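The next block holds one structure in the form of structure tokens; read it before the comments.
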Amino acid sequence: MSEVVLDVRDLKVAIGRREIVHGVSFAVQKGQTLGIVGESGSGKSLTVLAATGLLDAPASRVTGSSKLSGQELVGASPAALRAVHGNTVGFVFQDPATSLNPLLTLERQITEPIEVHRHASRREARARALELLEAVGIPKPEARLSAYPHQLSGGQRQRVMIAIALANDPELLIADEPTTALDVTTQAQIIDLVKDLQQRTGTAVVWISHDLGVISRVAEDVLVLRHGDAIEHRPILELLDDPSDAYTQELLQARPVIGKHHPAPADPEQPVVLEVSGLDVRFSVSTPSGKEEVHAVDDVSFTLRRGHTLGIVGESGSGKSTIANALTGIVAADAGSAVLEGDELLGKRRSRQVRRKLAMVFQDPFSSLDPKARVQDSIAEPLIVHGLHKGSRDERIRELLGLVELPAQMAQRYPHELSGGQRQRVSIARALALEPSVMILDEATASLDVSIQAKVLALLTRLQVDLGLTYLFIAHDLAIVQQMSHDVLVLQNGKTQEYRSAAELFDAPESDYTRTLLDAVLPERPVG
Amino acid sequence: MRTRLIYSVIVLFGVSILAFSIVHLVPGDPVRIALGTRYTPEAYTALRQASGLDQPLLVQYFQYVGHAVTGDLGVSFRSGQPVTTALLSRLPATISLAVVGIIIGLAISLVAGVWAAMHEGGVGDGLIRLASQFGVSVPDFWMGLLLISLFSAKLGWLPSSGYTAITDDPVDWLKHVILPGATVGLVAGAIMTRYVRSAVLDVRSMSYVRTARSKGLPPRMVTFRHIVRNALIPIVTITGIQLATILGGVLVVEVVFAWPGLGNLVYTAVQNRDYPLIQGSILLIAAMFLLVNFIVDVIYALVDPRIRLS
Amino acid sequence: MTFSPLEVGPVEPEDDVVEEDLRIPAWRLLIGNPITLISVLVLVAVVIIAVIGQWIAPYGINEIDVPRALQGPSGAHWLGTDDLGRDIFSRILVATRVSIQVAVVSVLFAFVIGVTLGIVSGYVGGWVDAVLMRIVDVMFAFPVILLALAIIAILGPSVASTTLAIGVVYTPIFARVARASTLSARTETFVQVSQTMGTPTWRILLKRILPNIAAPLMVQTSLSLAFAILSEAALSFLGLGVQPPQPSWGRMLYDAQGFVGQAWWMSVFPGAAIFITVLAFNLVGDGLRDVMDPKQRSIMEARKRR
Amino acid sequence: GGVDLNGSGSGSAPAGGNAAANGGGALTAAISAEPDQLDPNKTSSYASFEVLENVYDTLVAPDAKGQMQPDLATSWKTSSDQLTWTFAMRDGVKFSDGTPLTAQNVAYTYNRIIKGKLSPSWRFASVTSVSAPDDKTVEIKVKTPTPNLLTLIGGFKGVGIVEEKNVTGNKIGRDPIGSGPFVVSDWVSGDHITLKPNANYWGTKPKLASVTYRFISDGNTAITALKNGEIQWTDVIPPQQVKGLQGNSAVKTAVVPSNDYQYLTMNQKHAPFNNVAVRQAIAWAIDRQAIVQATTYGTGTPNQLAIPKQSQWYTEYDKYSKDENKAKALFAQAGYKGGTINFMATSDYPETVTTAQIIASALQPYGINVKIKTVDFATFLSDQGAGNWDMYMMSWIGNIDPAEYYFSQQRTDQSFNFQHYSNAEVDKLLDAGAIETDQAKRKDDYAKAATIVADEASYIYLYNPAVIQAWSPKLTGYEARSDKAIRFGSASISQ
């Protein structure tokens, strides 16, 4: 047994009166990776921050013990903690967009911990920074040293974060959802990078993720957290093969995996509802150096039949949302046509009647409901605007809530009194109120936990079957696209890479790009 | 920057129209004021003609703007002095007061605001917030009278009023500028403290601050290099607003301290219905306002590479 | 497509639980803060005095009695008498109405005009926005005191013109605040949802934008009320506000200017009335900001629950 | 005294050049406003004259009692028809720049005022020509006998003798050249004006090394500065502060009755003031004592006519007192039942606002609702001319000769008869007084006219305010004068 780097015993965290982490214990050894999984809010971040003495919430209280190479961190003095942070422990946080200081050069940000802990001279620190940038795979590191964070892509920023965390060869690396905000392809690169570095330096790693797929790729051991309790703490393969806890089983179950679920079959003879051809959208972005053009959607065509689902998939920035926005009229299309049940959507002011036939459900359930409006007011809006309810309005609202499996009392609530899944259901109910011909779902489940995502997806499938709905399903996760769609359109840089029936596409991808996407999908179970 | 310039010209043009119409809408006869209590009707007509007040308003306006474009703001109706000269002679006092006031305000607000934000929710924070509310709620003329009666009348440390140019005697300049500067600075400081505090609070919860702490940096480095520096943009903004306000003339304070600033000049000009002088001062104040905004923009770019490099 | 009313199926228990409904109503939080509570009570008292002041005043506000002039505080005249022998306590009580009335009406004026301009400008954008905002810019660049001086000079000094002057001066501020908030509210997804549903613009402005920018507006309103009282005092201090013999706090300070040395009570008490009222408005504004700001609010709630 | 923090004074070399001769020290004086300009013939602001008094000379000048004495002219005589005045000029007078001052300069100045219709031109209303037959002689011809010509051309520095070169060079506004004891050496806009002794002065050389005028509009500030020793002289003193100052041994306070007067008047174009009984009723209804007390704090002198006691032209008259019964009876006689009247006051003269409030309270019992409209002085003057007022209070200042007290305000259709008073008898008396050369008869004419004016309450004369000045005991050789002329020529200051 090699040496224990971090040893956490019965760690409890309370904020205010509320205890959030109820006594968690775990240990990580040198060169080993511990994965922590759990739903959002289960206390993953709090546990790790408290264990390393980085928790800074007002009125927080930490008890228990956490030893880093034998040194007790719970209750340690700020100075003692500072000597550890950035030195023997390195941190990588979730959001690469905001975790680097926008006003400082990369050099400054990387050399800071080196100068502070190693008392290195400017030149030595700079040399080390170069080395680190090279190690994390930033091209032309010399030139990049004087760059600012906004000049880097998301993946590059996360690499810089890793460089900072590894600057002083820490014994322990804490990675809190380091790849959640990244594309699948970038995510795979970052995972490989960390594994590679770990092999070279023998650093112990604690890797937090809500995605079991990621964890199974990086970790040897897994700790499953739920509501602040450790439910399972076992080697990963053991857990995957034989989950003992019901909750773990559910997590595994809910995980979208390619080929696991298929959409209900749809009748190919159904009439065409939406016919899009040659859709083209350009944005002119004004920069101080002049106007620049972004070709967001480049000559995209597709048809959608009643009762079918068309999946649109692609990396971030590939133009998926822009297609949806052009159809709903939020952005203006530059060319092309879109005919919805005989009505041309593009290029003119559309009537209110036409607008009604296209409903949209957005990604973020937090921002798509008016925080100042009760659930019933949000659902009532389309009813009032289009005069859609025949009988009593309250009756109809209750009916719609029933359709999305929410109790009628929810009508009185405000959005902040709902969970994410409930909010997304309300959004769906509001879309249903329009009695639309086509429903556009733009990453409708991307921000939900896997178990809730699974339920919402199931709800959508049921509604499609029961009500004969037609979906335009936008997502970046190939597995759920596969689960929901009859046809799939793969988009890259606004261009169609492949547009075929889902079955054919997943069986035998034609374009290289589709293949890269499929390759980057994490396997269900790591080998060995 | 060019659009900024065009924008400034448009705003100045709008200001000139507003200034001109307002000035001429105000009742009160400048000629009678200028002639004093005894005069003959002939003298009245003569002066009216001599000052061009008998012309149609539109003609007066276009003549005014025509000259203003060449930098000629006309001559003061009362003193016969060129308006530009009269305004320039007031600038040193105005700028002295503004600079000293803003320095005092900044010093107070940076120290108190940053400290309060870094100790959010504590007793000190509560006291600073309350004190800043007191400062915002006290009428400034009141504060001025108080300072005079304490430091000048009671203790005799500082002169109660007046102004010496810094070029004549820097020590004397300082003695004279301290009290009015403190009056202006305390009020500005109270207002700015609130903004500094909330700006620092906003930054403090940013993810990159957690990153900085995770590097084990000393607290001072985290506070200044990472937090305060990122809070500078809103701080610069509110400083600019305060500076522009003081430059525009803190009339009541200037009256209390017999300070020869623009506010005092404008006030007498209004009393005398000295149209060219009023219009000139309004244009100057507006121009300074725009200039300060411009400088604020430049500082933004200096502080923030995202603005500088894009 | 027909929607057959489905049976409301058995609702399966959601296990993504919502935090228990521990929300504390905003007003409870507001008055939970002792400083805010005191400020609210002060304001309530001020409003009551504004309404009934003239009936509870022990003396008539214009009972001039020169031989009795400039007497210090005493049993007969709690806060002393002024240069014409009038009772200062009575005048302060009666003056409350004017000061509050000027502040409230002018801020109401500024609110209605400013917010309308700001919302429309921010939401509609384009040239409407450009034109409206240039006008606002011009008003901002224009020296504030001069604008007020000029308006009062044009209309002649009176309560009405003071009110209008202060209202006009504050209009662009409300316009700016409303516009800035509208600009960010406009890009909120829920507004886009309403747009895609074909909801008419007026309805979006009224039902979606306005309630969601209420927080900054409320804060701005309470701060503006404070500043409006100060502005009335400053204008009256220059002799341009409320006209004698009607008392207002600022007017009383103006009258007291010449007596600072020998009759401190003439300036201290009206000054204190201004200061206390302004402070109360500012502190309530601060309290509102804390309650309205979601981040501040959860911190407060966390503390409350402790 | 406090610490002397006065920063000006020393420093630049005096313009006159003979600083050694005057060891009288540097004086700093506070006046309430900044002069608008220093052209004596053009300015109308008192602040300017406070400075110019020490910079310019006139042909003749009043002494402390208001008697006209030689100044630039040493003697004068009138022709037997009283239509030609001949003045003999003083020898060896020079402007401060060294140019000799001759009769030509006098003729130039007077003609400049007359032809340019400058503000003092009303003083030359009866003058038909001014000429200088030689360097030593000035000849003034008048239409009608003008017994008060000396007062007209000497009572006021607005007719100070200017240098042509200084005028045509457009310098006079800020760098005036006069022949008085001092010369302007420095003007820092908004802050101060400094005078230096005039090396070419014809009279006794001033002792002071310099006089600096600072502009302080706030009375408290000025008094604080005086007590602190920042200034040594000021007239920015609210009357209510006088008592406190008089008790202070570190300050000398002068309260001297002035030649100004305060009056109340009613618009006789408007009902009910076209009815003499209503005007008289109001004269009986008001409490003069209260007004004088509340506005001047005992420094003013109640007077029911315009001319003050110290003047040789004084007439006794004290008909009115507060009498409610008389007032009621007169209102009843006029059939006036009360109503609303507009009182115009101006914030630039706070006593008008105070008086307005006292009158409002005094008239309330008679069912009269006095609405006070306070405007700034510019508006006051416009409205005064436009006639949209019922009642106002104002002062009339700088008077020496009785004609100045009564003619332009009470003679039918004169330009300052804003109340539209018209009485043939009064007109006749005023016209006669203007040309009467017999002093005693002249005094009698004015006494009669004034009595009628007061009886008919065209003006309700209230009081003569005082000249209030205060200075440091270090300042010697200075005296406060009733005509508010501030002369530092013979003053000196001990260190």
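Here the chain labels run A, B, C and D in written order, and each chain numbers its own residues starting at 1.
To be clear about the criterion, a contact is a pair of C-beta atoms (placed from the backbone, for glycine too) under 8 Å apart; a residue touches a chain by one contact, two chains touch by 3 or more.
Quantities reported herein were computed from a predicted structural model and do not represent experimental measurements.
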Open item on the list: When contacts are scored as defined above, which chain pair ends up with more C-beta pairs, A-C or B-D?
Closed with: B-D
Task: Distance-maximising chain from chain B - centres being C-alpha averages - done: A
Open item on the list: I'd like the Å distance between the centres of chain A and chain D, where a centre is the mean of that chain's Cα atoms.
Closed with: 86
Open item on the list: Using mean CA coordinates as chain centres, what's the gap between chain A and chain C in Å?
Closed with: 44
TODO: Measure off the straight-line distance from the CA centroid of chain B to the CA centroid of chain D, and report it in whole Å.
DONE: 38
TODO: List the centre-to-centre spacing of chain A and chain B in whole Å, with centres computed as mean CA coordinates.
DONE: 49
Task: Junction residues of chain A - those touching two or more other chains - done: 58
Task: Interface hub residues of chain D, defined as touching at least two other chains - done: 218, 220, 375-376, 379
Open item on the list: Quick check on chain B: which residues sit in contact with 2+ other chains?
Closed with: 27-28, 121, 145, 149, 270
TODO: Note which residues of chain C are touching chain B in the complex, please.
DONE: 35, 134-135, 137-147, 149-151, 153-154, 156, 226, 230, 233-234, 237-238, 253, 260, 271, 274-275, 278-279, 282-283, 286, 295, 299
Task: Contact footprint of chain A on chain B as seen in their complex - done: 120-121, 206-208, 210-219, 221, 225-226, 229-230, 303-306, 309-310
Task: chain C partner contacts - residues on chain B that touch it in the complex - done: 7, 10-12, 14-15, 18-19, 22-23, 25-28, 121, 129-130, 133-134, 136-139, 141-142, 145, 149, 205, 245, 248-249, 251-252, 263, 266, 270, 278, 281-282, 285-286, 289-290
TODO: Show which residues of chain C lie in contact with chain A when the two form their complex.
DONE: 1, 3, 5-9, 11-12, 14-18, 21, 23, 188-190, 192-200, 203, 207-208, 211-212, 214, 299, 302-303, 305-306
Open item on the list: Could you list, by residue number, the parts of chain A that touch chain B in their complex?
Closed with: 54, 56, 58, 78, 81-87, 89-91, 93, 95, 98-104, 112-113, 116-117, 148, 150-151, 161, 164-165, 287-288
